[in-house]
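In what comes next, subunit A is part of two complexes: it sits with subunit B in the first one and with subunit C in the second one.
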Partner chain A sequence: MLAPETVLHPHPSLVFTRLDDTESVLLHLDTKRYYTLNETGTRIWELLQQGRSAQAIIQGLLDNYAVTDEEAMPLLLAFVDELQQEGLVQPTAHRG
Partner chain B sequence: MDRRTIPREPGTPTPSGVKLIFELTNRCNFSCVHCIREEDGPYHDLPVAIVNKVLTEMQAYQPVRLVAFTGGEPTLHPQFADVVELVTTYGSRVTFVTNGWNFPQTFAKIQGWKSALESISLSLDGASEVTHDTLRRQPGSFRRLMQAVSLCHMHGVPVQLNMVVTRANRDELEAMAILAGRLGCAALGYGHCQPTPDALAANLVLNGRERREVEMEIAALQQLLTMPIVLAGDHSTASRFAQCPQLQMQEFNIDYRGNLTACCTLSNYRGGTSDTDVLADLHSVSFVEAHRRLIAKIAQLNLEKLERLVSCAPTEAEQFLCTHCLVHYQKVPQLVQILESPSHRSVVPIEEASHARA
Partner chain C sequence: MGAPTAHVLDTSLRPEIELLLCCVDSTVDRAKAERIGRLLRVDLDWAYLLQTAEQHGVTPLLSRSLRTISPHDVPQAILEQLQHHSRTNAARNLFLTDKLLNILRLFEAHGIPALPYKGPLLTASLYGNLALRDFADLDLLVHERDYQRTQHLLRTNGYRLVNSFEQESTFIDGSGMITIDLHRRMTPREFPVPLQFEQIWERRQQTTLLGTPVPTLSPEDTLLMLAVQITKDAGTRYLQLSRICDLAQLLSAYPHLDLTAMLRRAKALGGERMMLFSVSLAHNLLGMPLPHDIVDEMRAQPIIDPFVEFARQQLFNGRAPNANDRQSIEQFRRFVRERLRDRLHPYYRRYVQAVFAPCFLDRQLVPLPERFTFLYYGIRPIRLLCKYSLLLFRRHLGTKLC
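Right, the complex of A and B next:
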């Protein structure tokens, strides 16, 4: 479970590239693997890059998409789980 | 999220025909010490009308298989997308070289013609971020180029990485090949750093022995990897009359001023003081006439080569394709002395070396 104040940091070896208005691609310079992000993933990633907390990211999703508070948290959790499994985000840090 | 495997680009058959190289502009947003092109202005962009004229006149007597855009940084041409579109109307394939700095914006403009793109050549001068950014004197350029690689990969546009081999990166040849392969690039090109006054002053130019060692290393990589690896342009040759694609008339170079030139490397050569390689101003001369002058120039070059070989053995510089012509055309007269000086030559007679030390 993500604490609301959790901040996830993108791995420093990642190169983020927008493909168009919705999709984007991540290239991991260490593994040379490409990962595509859909529209929601792209939005979450951009918020991660801005150093936003989990709570702020959920707020961002609520502001931009037709999702409820109850739907947004599982969405973020599932995405973060995939990011962590692939080593795309650094160990979490908490804002003091 | 979808993790993609890295595909290898299958070779696709292409129609026969020649390759036209257009230097679209002499402007560049980088300032690389090892670049062969003159950095200072005045700056010119090749008129689209010249591209159209050349294509029309050449297609009348021989097909143009491929059109390559170079520079400068060709994507800085204000009508870059128009030129790409124009070439596609002739049915030719398109390729261009770029440093990738503004690639997302560039690609957005030409995306509509991506099926006509044979490949895009991205200039990467180091397998590591620090090597590339240092050589390119542009922090962040490695990552910008990786964005370009990512975009091409996702859009299915073949990428060739091009590395200028200098003293600063010659230890990264193998790492570069592995990087290109793992990124899913279609090909990798190496090229010797050319002996411009600036590159020599920065100690980036390898001598003849070192260049041959690099060539052997590249040959070994070609054996090891299935990805096509080429040594573009300059290379050593045992043949006294070896001809580059330009001298074989498989490729034709039009400079940013609209001239047909005898060589793609010597054109606008950094530190160059003469236009001895310029054959015709295509603003006023037909391409057929320019082609006649090229044929005469090639014949003259071979005759002069023969006469020189009769009188003396080729120098070390003359045993490399491009440096041979650099010397022959006297593009940078003072370079001839430097290239034949004991400090640059790989084999120096003992008595001469002793004299130099003294």
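Right, the complex of A and C next:
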């Protein structure tokens, strides 16, 4: 379970660019693998890059998409799980 | 100076090309969107469209426009193909941009001021998005005095020299994935717009690449550079639509760029015709809006029009230039050399070299120690004078005896 104050750090070897308003591309410079993110994934990634906490990211999703609090958390968890499996985010840290 | 050799021109564009030209324009207004909608209802040769877009480095722009404006009128398989290209292009651009930043750090660590341009810089500064343009290599400009040192630095850091020209050299890294074009001059001597490194460096601006500020050409110098590039490649298979889009995008991204003042500056540098030609070509192909005084200037020089039409036709005809085309290209290249000294330059170089540069025969005739080799520059003209005087004398004598 992701604590509300958890901050996830993108792997330092990742570079990112938007393709358009609905999609973006992440490239891992070490593995040379690239990943595509859909619109919601792109928004979450941009908030992660800004160093936002899980709670702030959920708030960002609530502000931008027609989702409820209950829907946003599983969405974020599933996304973070995939990111962690691919080694795209560093081990979590907690803000003091 | 006459107009280019006459050709029978097919003035109607294929619907695929018309669609491509509508889609690569960054400012797709309502009228253009309607035109795109109309063209999408025509029976299109999608394979030809995709191939042409790729050839001209504009697939990401085509993909963006079709996905945004009328995705339901495009076959799903085509949309997927376009999207796949855009994704892999974006990943490659990210990779090359990161490598460029590494190279700039390397140069900085060795005290070499360098200005990257074209590639990632144009993409980021003009389109605001690293994914929206195809590029394959990294262009860097260094001062003439640092040129050899930079070449050495690249060689000692895993890059191999694969090509060397008067104004630039090409290096490839060990993996073959990174190509660097290292320039000591931005424009070749045959297209004389003397842009000195010191002045370009003084006028430099900053662009952010992957969060890192990077110096690059000012918009004014970018415009001059693009005008020379478009002119240099016009009529040949090297001219890509992407380059013309860059020029139109530059004027759109920097609306305060004073084109009239730029034309005056280009004239002072001997590049007014190149500027008028490239701007006129972009206007002709993409409907790029132009200030009234530029339109007036174009009307005052109607001789440019046939060259623009020729370049436009050549851009999409998909065949290698024939003898007529090559003649037109030569005429065009003579035409853009506005000043007498620029017109004489190619001949001057060829003949001065022929008269003064010592060859094997000169060295054989008068063997000199290494420290006196400069004397060959005097010996050669004397030897040539003797040789041809003798030939003339013999011919004259022969005529008399007959």
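As a convention for this text, the second predicted complex is superposed on the first by the 96 of 96 C-alpha atoms of A that agree within 3 Å, B and C clash if a C-alpha of one lies under 4 Å from a C-alpha of the other, contacts with A are read in each partner's own complex, and residues count from 1 in each chain.
By definition in this document, contacts are C-beta pairs under 8 Å (C-beta built on N, C-alpha and C of every residue); 3 or more make two chains touch, one makes a residue touch a chain.
In this text, all values refer to a predicted model and were calculated from it rather than measured experimentally.
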{"item": "Three-chain arrangement built on subunit A, subunit B and subunit C clash or fit", "value": "clash"}
{"item": "Partner chain(s) touched by A:E71 [first = subunit B, second = subunit C, both, neither]", "value": "neither"}
{"item": "Contacts of A:E39 with subunit B and subunit C, given as first, second, both or neither", "value": "neither"}
{"item": "More subunit A residues in contact [subunit B versus subunit C]", "value": "B"}
{"item": "Partner chain in contact with A:E5 - subunit B first, subunit C second, else both or neither", "value": "neither"}
{"item": "Contacts of A:L19 with subunit B and subunit C, given as first, second, both or neither", "value": "both"}
{"item": "First (subunit B), second (subunit C), both or neither touched by A:E86", "value": "first"}
{"item": "Partner chain in contact with A:L27 - subunit B first, subunit C second, else both or neither", "value": "both"}
{"item": "Subunit C clash site on subunit B (candidates 6-14, 240-248, 276-284 or 348-356)", "value": "276-284"}
{"item": "Subunit A positions touched by subunit B in one structure and by subunit C in the second", "value": "15-19, 25, 27, 29, 32, 34, 36"}
{"item": "Subunit A - residues contacting subunit C, complex", "value": "15-23, 25, 27, 29, 32, 34, 36"}
{"item": "Subunit B-touching residues of subunit A, taken from the complex the two chains share", "value": "15-19, 25, 27, 29, 32-38, 41, 79, 82-83, 86"}
{"item": "Subunit A-touching residues of subunit B, taken from the complex the two chains share", "value": "1-4, 6, 104, 129, 143, 146-147, 149-151, 153-155, 179, 182-184"}
{"item": "Residues of subunit C that touch subunit A when the two form their complex", "value": "60, 64, 67-68, 83, 86-88, 90-91, 93-95, 97-98, 129-131, 210"}
